[in-house]
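Consider the two complexes below, in which chain A is the common component and chain B and chain C are the respective partners.
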Partner chain A sequence: MYDQRKIKDKLFFVFVLSVSIIAVTLMLHMIFVTLSNGIPVILRAGLGFFTSIPPTPLSKNIGGIAPALAGSFIMTLTSLPVSISLAFFSAVLTTEFPRNPLSIIIDVVAKSLASIPTIVVSMVIYLIVVVPMGKFSALAGVLALTIISLPYSYTYISTYLRSIPATYREAAYSIAMGRWRTIISVFVPIIRRGLLITVLMTSARILGETAAILFVTGRYRLGVSVSLLDPTDAVPLLIFDYMLTPYKNFQEISWAAASLLLLSYLIIFTTTKFLVKEVKL
Partner chain B sequence: MYAVELDNVNVYIEGKHILKNITLRVPYNTIYVIMGPSGSGKTTILRVINRLIELNPNAKIDGSVKVLGYDAFKIDPYDLRKHIGMVFQIPNPFPHMTIYDNVAIAARINRVARKREELDEIVRWALEKAMLWDEVKDRLRSYPHVLSGGQKQRLCLARALAMKPKILLLDEPTANIDPVNARKIEEAISALKEEITIIMVTHSPHQAARVADHVAMIYSGSIIEQGPVSQVFLNPKTDFTAKFLKGEV
Partner chain C sequence: MAMGVSRKDKIFFLSLIPPSITLLGILVVTVITILSNSLESLSLYGLSLIASSIWDPENLKYGLLAPILGSITTSTLAILTALVFSIPLTILIAEYSSGFVKNVLSSIVELMGGIPTIVYAIWASTYFASLLKQYVMDPLHAYFSIIPLFSCKPITGFSIFTAGVSIGVSIVPYVTSMILEAYQNIPQALREACLGIGCTKYESVKVLMSLAKPAVLASLILGFARSLGETTIAVATVGNSMYLSSCIFSPGITVSALIASQFANAYLYKYAESVLYASALFILFIAIVLSFVGLSMLIKWRVKVVV
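What follows is the complex of A and B.
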């Protein structure tokens, strides 16, 4: 009887280990392929990769992805605070006042939005922003990215808030702490790591989103645009466009841009893991 | 005048009658112990007194609750709680705050102390009253997870005391801790009654006998007997109380 249990235990351990190894191997393979194709291109291009505009198709010069970098940077930096703040306050509303009709509506809308195909969002933003403005713009991109990222950040934050044991709310109220003070002084610090993960996951989502901005930003690659009202480019759009071309130098740029995106994720996530400590309950 | 007066208080949660016509009077500066078996409604009484019961949206309360002479349900709940500290059954110090801040925050919120020196003084006073000062004085900047369960509970007691409350509610404060820590908490409680009115809930008749001035016996949501501790323990009026005191129920 004991031996049988021991064998089952070992078999289960081997199964879990094997599945984990498969998952990690696939992920490491993806990272390796991307970086091995992309890093040499970045090294060859040097600093110009970050400051130049893309080359012409048959050019021997590698050029750079400055317009896409600037576009991604500006759109992420504008969309992220809007998405996080809206998500935070919505999550607070729905967790603090779950029976409020507005809370119920927000919860339903957030869940629905999360399942809408992102390309549909791009089409809608094209119709309601690009057409009336008469031009593509970073602003349209920001709106599309905010709509796409909002349900994710909302779901993360509300899940973290709901995971706080009720006993801390009782402790806070028992020392005459008000509702908002409890949220700011007790709940937010307890879930600080979760909040930071939310910010990172949302920024990763915004940085990597392609379909949502397909029809709205204009893919402007002739120069660096820093205005929200003008057409712009984004790194994932450039990767998508250039990888589909038959030109070798464009494909190289695509790999290099993908490596850059991947590296930025790896750096952000690793730093967070070591820097922000979880609150021990 | 009583510190707490409950008259015909009924509590219904999701239609279930949890407290039935509870009437009790807690004199100032006494230790009033509510004892009874698990699930009899002891904790609910405490939550009615400081209105934490309202955190449950399904709870309905009727009857009169007077705290320090005021109708508890007619004043602002935060104003009410400024005068009522509470220690819960499971220790719940704020995990993200240091030992010092866990105590100081209660004083800060209730404006008991504002300046740093005043805060230092009140933190020390509260930790001493909770019999924890000697054990934590060198690690006030540590977080509560380094403390044992009993120390955490005494930290919660210190946090409640730092508000300088007039009433202290204790919800089975020694239920989940070792006998040494339990004894320290009982000693701390006994020493506090000169300054504070204490209402404690326990399922242990031995503990009630050790610390109480007055006791109330609650069973299935109703108070079946109450009075000075000697009277209830020496001449219980109901069979259930007699059996409970003997540890038979």
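What follows is the complex of A and C.
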């Protein structure tokens, strides 16, 4: 009787371990093949990968992804501050007045925004921005990216704000600090690392988003566009378009772009891990 | 003084309203835009829109049955896949590992959760689809072809099944982190009580998992909502065919894959855009409802078990 239970216990461990190993192997396999397919292409293309435009389908040279890089960079940098500041004010509202009906509504709204499929956001922005403007634009992309990243940054910031012990608030009020003063000069410094993590993770989210900008940016690949009002490209869009083509050089470019995207995410993730460790010390 | 403070409080509160209202505005505009643009096709085609499966814009014939069933099937497969991997991962992290190993494992899960889905998509279409065909679909077809679900021979590896499992792999980190959080929130006293009467680890895990069941269910509901909207992985692996089949090894389509492939040219055809908005309305509605159900189940569970 005792033995049977012990065997069951052992078998259970073997099961848990082997399924987990499969899961982790799949995940690491993905990282490995992306980097091993992409990085050699980048090395072969050299600096041109960052400065040239994509090749024509059957051409011999690899070309580059400059339009997509510029587009991703500009859209991320424009959308990030909008997303973070809207999320910050909303998070302050819901944490400072947790019982106010408006706060409860905003908290629910933020959660529903997170559940909107990102491709739906793209269809909406197409109708209310692209159609009236008469053309695709980086601006439309910025708006779509802001919408999909808002619930994300909101969750981060409100979690950090809620983790501040009430004693800090009481201390600030007891020396007659106003509520805004308390937030700016007491709370923000306390959660400054958390805010930095929010900024990093939100930018990773924005950089990697595909579906939300599918119908709004225009995929302009003939040159680098720096204007917000003109069509542009983005790295995930380029990967998406090129990976499904039959052309070998397009697929190579697509792997190279994917490995670049993955590398930047890995760097961002490692930085946030480092920041978290610092907080614990 | 008291008056002054409360007036200042009011100004503080009012200053926060405009940015917060923006969030509400975005949600309202999204729902209204999708709703109003799908009305035309909904009133024109009515129920036949979801009762037939056809995409023939030149003859103005539309039926969304295949993508709707495709979305539901892939999402179901996705949460089953997520369940198979997430429970063992949770148990391994929470019960069998500690210190450095635990840190590494939970970091891997966290890391994978943030990887852009486009990377999952390119990996799944190039490698995972053929792996699945060789080691899962072909054997299942060989031995269980009597079951209608497995009755057709997998040809390319791109199928409803592949899309479902690939999306499932991509939501494993999301589902695992929710189940893990719930599991670790179960009061320590319950585990100790079980160990105190001589439970083996397996038996104590069984007891704790049964307590966490509602939270697991809620995580799966939230995972389903997320899978419904998944676009890039679906487009890359589902095979994009409007043909309706009872076999999950045949190529199919999902709502988001249909939108991704047809929306850009939809303005050329009458009603095509409106039909696509109607299909978007379908996934939008289900996703919002399910995330409410899932989130409130999680909150209810936490109040009951944790506190």
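For the reader, a short list of remarks on this structure follows.
The rule is short, and it goes like this: the second predicted complex is superposed on the first by the 237 of 281 C-alpha atoms of A that agree within 3 Å, B and C clash if a C-alpha of one lies under 4 Å from a C-alpha of the other, contacts with A are read in each partner's own complex, and residues count from 1 in each chain.
As a working rule, contacts are C-beta pairs under 8 Å (C-beta built on N, C-alpha and C of every residue); 3 or more make two chains touch, one makes a residue touch a chain.
Computed from a predicted model, the values in this text were never measured in an experiment.
Looking at the shared chain after the overlay, A:12 reaches chain C, while chain B stays out of its contact range.
Once chain A of one complex is fitted onto chain A of the other, the partner contacts of A:106 are limited to chain C, with no touch recorded for chain B.
In the superposed pair of complexes, A:167 makes contact with chain B only, with no contact to chain C. The wider contact with chain A, measured as residues touched, comes from C rather than the other of chain B and chain C. Contacts of A:254 after superposition: chain C is touched, whereas chain B is not reached.
With both structures placed on the common chain, the touch criterion links A:90 to chain C but leaves chain B unconnected. Of the two partner chains placed by superposition, only chain C is touched by A:20; chain B is not. In the superposition on chain A, A:193 makes contact with neither chain B nor chain C. Across the superposed pair, chain B and chain C both touch chain A at residues 178.
Residues of chain C touching chain A in their complex: 8-9, 12-13, 15-17, 19-20, 22-24, 26-27, 29-30, 33-34, 37, 84-85, 88-89, 91-92, 96, 105, 107-108, 110-112, 114-123, 125-128, 169, 172, 200-203, 205, 225-226, 228-232, 235-236, 256, 259-260, 263-264, 276-277, 280, 283-284, 287-288, 290-292, 295. Here chain A touches chain B in the complex through residues 99, 165-178, 181, 185-186, 189-190, 192, 279-281, going by the rule given at the top.
Chain A meets chain C in the complex at residues 5-6, 8-9, 12-13, 15-17, 19-20, 22-24, 26-31, 33-34, 85-86, 89-90, 92-94, 96-97, 100, 102, 105-106, 109-121, 123-124, 126-128, 147, 150, 154, 178-180, 201, 204-205, 207-211, 214-215, 236, 239-240, 243-244, 254-255, 258, 261-262, 265-266, 269, 273. Listed in rising order, the residues of chain B touching chain A in the complex are 50, 52, 55, 57, 77-79, 81-82, 84-86, 88, 90, 92-97, 105-106, 109-110, 143, 145, 156, 159-160, 163.
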